[in-house]
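Next up, some structures in structure tokens.
Shared chain: chain A. Partners: chain B in the first complex, chain C in the second.
Coming up: the complex of A and B.
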């Protein structure tokens, strides 16, 4: 296991560097001058010399590659640069906006994971019953509906109609309920389809037939035999889902007016605030990387027979 | 030996529900008494394995038993709810399937798979370990196999793990569905020996399915012949095959004779 962790960490280093390079270049090569954009936004008149002076101040006068290495070195010192629009350090802005996004994503992830397991198992095990068919149709509907539509629908019913929630303002934890439900429903529907497909596929395996023939209870067959087999592909899927949830919360945060990372990123796109965008891309890449890393480790731990395959039959 | 049918299959028909209920096995009837060793033989695809799957409840959708009955000690298995069937499966009827490579759970150690089998006959802790150890010895498997995962075992060893399961469960009816398919001659011999040990130790009635008359002769006292989804002949293996037998039986006998030459 230690050897696996070491190998996997080593092989992750080039990926991380690649991520920083691509993330930096995508933003760096975007057309539009951030200094001019910001000055125009502020409505001040400016001269070419003033723009040039500001460029030098923000280091934008240097060639792109040189800027990349400066940015990379700063990164090691946990300096993510300074936001052009607000003049504040990016790290500070991240610290301010991350808690809401993290809370939203983690809550939505945990609840969609639990819901998807229940939905997937029920629809797979009791196929061709009315309950199973209705749940399957519901999941198909939730998969097809865009999250912004679901968000607006929930707002219309529960905030505007019933008045249970605040509309478009963030004050306390209660205001996270609707966004979490929106993210959970869509995500759980997608995840439950994989759970269902995997259970149906595994149920036709010879070893499940043996488990049935041995006279094991339904609980033992599902709990020990089926779930042990479906977990590895599900864990990989969950890792991707977590990253997508974090990315997907951009739209949801904007609809529900939550001051999270997504809102910060969208604002940064509008203002060509390169430093924030570069940091956001890096952060998203890092989340995907870590989630996949965690999934790989869990799968390695869950499938010990793979260890024997690594070194031949012992 | 009292001749009471332990297992009675009557008019069993297996159909494919997605293809206009086309019958794959039709009107199969036979019975198995305590201690009997009955062979079921026929060409590949004639419906032998499907018949076994129907008895053990391992038919996969869209295949279903469209008519007939399968009675175990007088109780109709097809009319029972799942939980009740599970009480009969294992200790009442157990089946050794033809694909040892995929029959064992790949992510569970042999010990876990045998312990859970022992748990099904209410053997736990020290008792379970002792029974497992004796079962492994009876089928000539080394004790260190317990710590391994199925991928570390050969096909013959996996098949013997299945035999060990049968030894632990001591089923009233043991079905062996082509247990030697895909095994080399030496492993085939070892597997049959192990099966012999299992049958002697458990006293189970045996339904031995094969396409190989030579192996059936070694294992069974009588044989049923299937052809195109139907039972077409029944022969006593202590007697020479009658010259007026069904053409499917004659075909198998002729092929075996030619191979032996």
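Coming up: the complex of A and C.
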């Protein structure tokens, strides 16, 4: 186990390094001179010498490679720079906006995990009954529905129609109900299709047939054989779903007007506030990286005999 | 509807066998052909000019002149949806083409050069895959500035690594066939071998996969347009129409929901076609109870 953790960490370092490089380039290669752009934006008149002096002050006169390493050092010290638009440290803004996104994605993740297991198992295992068919059609429909439409539909029904929620006021914990439901439904549908696919694959194996002829109970077959063998690929997939939840929360935060990281990022795109955008990309990348890492470790812990290939992370 | 709860209800279980396999495929293809016809001749079928503003009839209910009602500027929603087909599907198609244009050379190079070229290219793919897809697309769009072009580029850059890996796997398999080895030993030039022997093997499965990805591409691109990061108003793109109508959601929800239903139908038709193909290829007989 220790050896595996060490090996997996080591192989992750180049990826993390590459991620910082991409993150840096998004600022480093920004079209136009950032100093001039900022001065123009502030409406200050300036001379070429003043711009040059500011460039030296911000270290922009140095070659790109050198700037990258200076920036990387700052990153290790959690110095994420300052937001141009608001003039506040990016880290501070992140601390403010993180809780919403974290709550939203974790809640949606846990509930879609549970829902997808139920949906996937029922649609895979049961004979072609009306219940399993309806559920199957429902998942088919849900994977085709854009999350923003689902959110607006739920708002139309529950906020405008039934008046259970206030359309404009979102602030306390109760207001996370609709956002979490929206994220959950779409995500669970996607995840349940893999659960279904995997269960069907296992149920076609000869040893399941043997277990059935042996007279093993359904519960024993599902628990002892099916779930045990479908777990590793599912865990890998859960990490990926978590990544898509992190991305998907942008849309949900935008519709429900929740002040999360996604809203911060969208605002940054509108204001061309690259420091925030860069931090957003790197932070989400890091969380996603750690999710994949955790999935690999769990899989190894559950089944040490599983061989991981170089690209087995996904 | 009492029979819905009965496990042996005839109507729905017949629907089951209909729903899987050929019917799924046919239904999806039928929808898809409608969309293709609309994409080609949408403007000709539209009852009204898509950008004709009629401020006297803004946000009006469905009527004979305006079958789906009008939006906040009094434009005919149905006409806009019909003419928007070309732009919405065309954008997804362009993105798919761009993804293929990146993934195909990368995958081929990786599989055929092997060694360090393979290692470096797959490492780069890993790094791109290390970000959540939508987050990465957002960062690229932020860098380029919000427009339809940057949305296409952003999505393509976030999407290519998965497909490049598929190309690599398919190519490795194709290149190990004996007749490919034979033609190499006969002194054929590498580019000739790729064009004559490898591409014909890998393109059919690749195009099938790519057409299945169209559903996902449509979803992402319409989401970006909805966020105001893709197609910009007054373009009659489905996602952008939703975005434009958002402020009037409380006043008339149907203005916002109608374009969404068209998106759902389009995505669903791609998914149905994909499900049908998968069902036809699936020869397994799982035990069910």
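Criterion: the second predicted complex is superposed on the first by the 265 of 314 C-alpha atoms of A that agree within 3 Å, B and C clash if a C-alpha of one lies under 4 Å from a C-alpha of the other, contacts with A are read in each partner's own complex, and residues count from 1 in each chain.
The rule we apply is simple: a residue touches a chain if its C-beta (ideal position, glycine included) is under 8 Å from a C-beta of that chain, and two chains touch if they have at least 3 such contacts.
Keep in mind the model is a prediction, meaning the values are calculated, not measured.
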{"item": "Touched chain A residues, chain B compared with chain C", "value": "C"}
{"item": "Which of chain B and chain C A:269 touches, first, second, both or neither", "value": "second"}
{"item": "First, second, both or neither for A:120, with chain B first and chain C second", "value": "neither"}
{"item": "Chain B versus chain C as contact partner of A:15, first or second or both or neither", "value": "second"}
{"item": "Which superposed partner A:248 touches (first chain B, second chain C, both, neither)", "value": "second"}
{"item": "Touching partner for A:204 - first (chain B), second (chain C), both, neither", "value": "both"}
{"item": "Contacts of A:215 with chain B and chain C, given as first, second, both or neither", "value": "first"}
{"item": "First, second, both or neither for A:145, with chain B first and chain C second", "value": "second"}
{"item": "Residues of chain A contacting chain B in one complex and chain C in the other", "value": "204, 209, 212, 218, 313-314"}
{"item": "In the complex with chain B, residue positions of chain A that touch it", "value": "204-207, 209-218, 220, 224-225, 228-229, 302-305, 308-309, 313-314"}
{"item": "Contact set on chain B toward chain A in their complex", "value": "53, 56-58, 60, 82-83, 86-95, 97, 99, 102-108, 116-117, 120, 148-152, 162, 165, 169"}
{"item": "Chain A - residues contacting chain C, complex", "value": "14-16, 18-19, 21-22, 26, 29-30, 124-131, 133-134, 136-137, 140-141, 143-149, 152-153, 155-156, 160, 167, 199-201, 203-204, 208-209, 212, 218, 243-244, 246-248, 250-251, 254, 265-266, 268-270, 272, 274, 277-278, 280-281, 284-285, 288-289, 292, 310-311, 313-314"}
{"item": "Residue numbers on chain C that touch chain A, as the complex places them", "value": "3-9, 12-13, 15-17, 19, 122-124, 126-136, 138-143, 145-146, 162, 165, 215, 219, 222-223, 226-227, 229, 239, 242, 249-250, 253, 256-257, 260-261, 263-264, 267-268, 271-272, 275, 284-289"}
